[in-house]
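Letters are used for the chains, namely A, B, C and D, taken in the order the chains are written, and counting of residues starts over at 1 for each.
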Amino acid sequence: MTDQTFTLPQRRSKEISLEEAGALIAQRKRLAFGNEPMALVRAALRAGAEGLTVIPPVTTSLSTDLLIAAGAVESLYVCYIGFETLGMAPAFRRAAESRTIEVVEADEITVILGTRTAAGGMPFAPVANIYEATDLPRLNPDNLRRVVDPFTGTETYAIPALRSEICLIHAQEADIYGNAICLGSNNQEADKALASDFVIVQADRIVSTDRIREQPYRTSLPSNLVDAVVHAPFGNHPLVSGRHYQMDVPHVRTYLSMVKEGRAQEYLDTYVYGPKDEWAYLELIGMHDLLTLQRGV
Amino acid sequence: MAAPRIAHPGTDDYSMAELMAVEMSRNLAFDNGLTGGVGTSATIPMAAVRLATLTVAPDLTWFCGASAGINPTFSELPLSAHDPTAFVGAEAHVPMMRTVDLGMQGARWGFGFNGGIQVDRFGNCNMIGIGPYDSLRMRGPGTVGVIWAASMCHCYLYFNHHSTRTLVEKVDYISSPGYNYDGSGRWAGLKPTSTGPRLVYTPLCVMDFTEDTCELRLRSVHPGYTVEDVLENSGCSIVVPDEVPTTAPPTQLELMLLRTQIDRTGTLRDFQVTYG
Amino acid sequence: MTDQTFTLPQRRSKEISLEEAGALIAQRKRLAFGNEPMALVRAALRAGAEGLTVIPPVTTSLSTDLLIAAGAVESLYVCYIGFETLGMAPAFRRAAESRTIEVVEADEITVILGTRTAAGGMPFAPVANIYEATDLPRLNPDNLRRVVDPFTGTETYAIPALRSEICLIHAQEADIYGNAICLGSNNQEADKALASDFVIVQADRIVSTDRIREQPYRTSLPSNLVDAVVHAPFGNHPLVSGRHYQMDVPHVRTYLSMVKEGRAQEYLDTYVYGPKDEWAYLELIGMHDLLTLQRGV
Amino acid sequence: MAAPRIAHPGTDDYSMAELMAVEMSRNLAFDNGLTGGVGTSATIPMAAVRLATLTVAPDLTWFCGASAGINPTFSELPLSAHDPTAFVGAEAHVPMMRTVDLGMQGARWGFGFNGGIQVDRFGNCNMIGIGPYDSLRMRGPGTVGVIWAASMCHCYLYFNHHSTRTLVEKVDYISSPGYNYDGSGRWAGLKPTSTGPRLVYTPLCVMDFTEDTCELRLRSVHPGYTVEDVLENSGCSIVVPDEVPTTAPPTQLELMLLRTQIDRTGTLRDFQVTYG
């Protein structure tokens, strides 16, 4: 620190390229999604990710199904995977029915409370009076055990903390230090990040920290929960990005049809492995379609 | 296996999805003052709850699925509660963890709308799959939040498709508990405040459960269809009372509110519900 | 519902008077504070509240100390009670040293995680590797027990869920249905509310629900967590109300001196029991002082 | 018992509180890249951490007590981190629960500033009271967040008063664990990533702990005071190295940043720290 020049040290940027992010993901096996970050999913597949155990958000669709379609998933926590009124998740359905993936029969409690428990550094969470009469304890014996409340002597269920080695999150805006704003979400991101060893955020836009400071209550992930930031404009295509762009419904329908028709590899070759990088992917979709998706958000 | 047919109320004044939303809204008078919620694939329930807050249940509080709004006031009904536009005009943002809190506490969560790939005549629902677990013929999307049927005060079941494959004698797996197969009522071991499913909505009819044995019972049949249509398209026995009324069509006020305040873009007018 | 008149039913207001709130508090024994709602504290004392078990927020000052000064507290969860650089809590100190109140030797974990555990409907929370080498397990045997993790076999500490019969919260703004905005807080309010049987919010301002809808992310308490709302302008005097008014430091110093000098009853007679209601209290403080406190917030 | 005296650095160029803040900030170079926090009565640490982010630790992340801001950028230093104005210019709002999460995880929380009514020569702090527990001579304010000293990577201790009653041979109760009285180092059973107190700041001096037995050791004495002043006002033995430097006064840049960006209203210039 020199008194003469008044030059203060700079804060370190956490920005990395999407390719670097893909390589980091491919080195790990236990992957959590904070939401559905499609650009990171494509990058992970391009980098050769495989043998993954995936912990999705409470509801997941293409992010998980595409990983399954590509054969990259070994094990999956199933809470809800599907496309709601557009249909079932075709790659998941096929893989689960043919038993080429292992399924953990989860639910909202397993995922949300298990993640919260890991985020809070607790070993497990006691859970009372929920699972009786359902088939979940029978189908999920490793995740539902019994514990006695030391204060009342009552026996309850217990679920384990749900940690991950890497966590991927889509944000609408982030600064290069990791402060990230997720719009249109129900706040699964921060707990997922806290419960993970390494957190990558992809952001539609990189903004200044001054802009982050304008609305500190909207910061979904403070910088200290984030290890790397990737600039990924339209990075959630073909899924929705709150306030930024709509779901590309025709593209999603194309995906669903192709996988149902056994043409998953063709979809992957065209939209994942074919484009040399994410810019090439966006060129393939085309500016007209991308900018039109920004209507009515 | 024949292709599913589109349910039509025999008039073009309103769609069957609109009728379902309106009828759901009326029965939410029971829930005035309570907190409730909707989840995945909840296009019709979203409209219904929002309509009820304007008409019969002004003190109802609801959270709108993954968009995380409490009491949203959107005028352009989205297809999914997961769509961020479903958050528009909300009074508060509810983190997912809060939903789990309410679910765990039980008594604080009054009602919810649940569905499934199967429902049986005791109101148990299945989101897991069909067939033996080590060789499922059809893998379902997963249990998600329907587990809260074990905890919330009561729930409503709804199906966008009515068929012998959806309504079955006994579900292959229980994701959300209804009533005991032995006719003794609610399953044992659940929260005492949680009383089970109240009503079941399909594109053909509304059903409730008998007071003594808690078996499915026909409550009303939608315009355009008959008791026989319902029974023919169901894979389980349903108690049929001597008198089965027709589901009352939307009033002018209901339709006006629905179309001018909730669903200006006609999502429900175009939304297809099916049977067979 | 009449089709002709287009008159829709009105939502029920939850607004009650401060006096009604005081009476409701006085009927209950186990009281939690979400922050430090002074008008409700004064109203509770005027209504004759006594024999209370108090669960304050992580740091508390006058709200708790005044209840103790008035002899209304039987038992207290102590995490931090004091006035930071202004000094110790004098009524608490005297009562604790003379053993006229019972003290639960708590800490941030006991209060925050215990409240979270109750808010989440869990019976207890397992806690690992924190208390060794401290005196807390010895001083607090009822709140720190042992439990074995059913997944790993490791023994950990357990803390109990911390519920209350009534919870009092200060908000800067609330609508008459209970939607409340707490500014300048660290979000203890929602868990405290969820962990309570009955929740009363006092608000500096009553605002329209349309205004609440302008910033839904700022709603600290959605209406369904609130049972009653009280309009209490300057209701946190002499403490701070974020963005609304500063702490009245001279008044607080007067309180501290009077209690230290054994003149607690004189303070209570002047500022709590003397004024016939909260409007009389505000007249006593005076418009000049109140409006001046709005500077620089 | 004599009244406490105001500590004065022997010059009017800066106050002792400013000196303490500046010296604290320098030593936070060690924490660059980590996450830390301050709690109650943290007027001086608040200024110190904020100054460190401008000078030696640009990658430090900190949460500012009950005001719940991460990396706030206030220019008018408040007396308390509880004051909502301490939130000004924050990058994020951190709910109290998140602090507990970080505390429980341990390794994610790099450092914090802790105090107490007593500290002993092994760095254990007491917030509970003085005297037998069933008849305390002095009841302390409570353990609050100092418990996290058992969990965070390391902590800094600070005291606005230096006296024989504050620095004691052995605290009456341990609210936050330092080192074992047998000289074996960190207490057993805590998180392995949690290594204990690093430095102790008082109005008279800075102390650290010996590498082998982890006993208090004088590191520097503030301008205006001597080693003898420190020992005379301490109630415990302190290791005194052969050479004890004077704490370096604030540089022009440090003072300029402190007074123009952090504390424009002179909170620290007027803030009295005491001894005796």
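The rule is simple: contacts are C-beta pairs under 8 Å (C-beta built on N, C-alpha and C of every residue); 3 or more make two chains touch, one makes a residue touch a chain.
Here is each chain with its UniProt name: A, C = CoA transferase subunit A; B, D = CoA-transferase subunit beta.
Note that the coordinates shown come from a computational prediction; the quantities given were computed from them, not determined experimentally.
Number of steps on the shortest path from chain B (CoA-transferase subunit beta) to chain D (CoA-transferase subunit beta), with steps defined by chain touch: 2. The distance from the centre of chain A (CoA transferase subunit A) to the centre of chain D (CoA-transferase subunit beta), with each centre set as the mean of the Cα atoms, comes to 40 Å. With centres defined as mean CA coordinates, chain C (CoA transferase subunit A) is found 38 Å away from chain A (CoA transferase subunit A).
Distance between chain A (CoA transferase subunit A) and chain B (CoA-transferase subunit beta), defined via averaged C-alpha coordinates, is recorded as 29 Å.
Each of the following residues of chain D (CoA-transferase subunit beta) touches two or more other chains: 87, 93-94, 97, 100, 103-104, 106.
Within chain C (CoA transferase subunit A), the positions touching two or more other chains are listed as 113, 120-122, 127-128, 217. Chain contacts in this assembly follow no simple pattern; the graph is neither a line, a ring, a star nor complete. Applying the touch definition to every pair of chains gives A-B, A-C, A-D, B-C, C-D. Every residue of chain B (CoA-transferase subunit beta) that touches chain C (CoA transferase subunit A) in the complex is listed here, in rising order: 33, 35, 54-56, 58-59, 61, 69-71, 73, 87, 89-94, 97-98, 100-106, 108, 251-253. Chain A (CoA transferase subunit A) makes touch with chain C (CoA transferase subunit A) in their complex at residues 113, 120-128, 145-152, 154, 156, 158, 160, 217-218.
Only residues 58-59, 78-82, 84-85, 88-89, 92-93, 96-97, 99, 105-109, 112-113, 116, 127-136, 139, 183-188, 191, 240, 242-243, 247, 296-297 of chain C (CoA transferase subunit A) touch chain D (CoA-transferase subunit beta) when the two sit together in their complex. Per the touch definition, chain B (CoA-transferase subunit beta) reaches chain A (CoA transferase subunit A) in the complex via residues 40-41, 43, 66-68, 79-80, 82-85, 87, 93-97, 99-100, 103-104, 106, 127-129, 133-139, 141-145, 147-148, 150-151, 160, 173-177, 180, 187-191. Those residues of chain A (CoA transferase subunit A) that touch chain D (CoA-transferase subunit beta) in the shared complex are 1, 3, 6, 8-12, 119-122, 179, 190, 194, 209, 212-213, 216-217, 219, 221-224.
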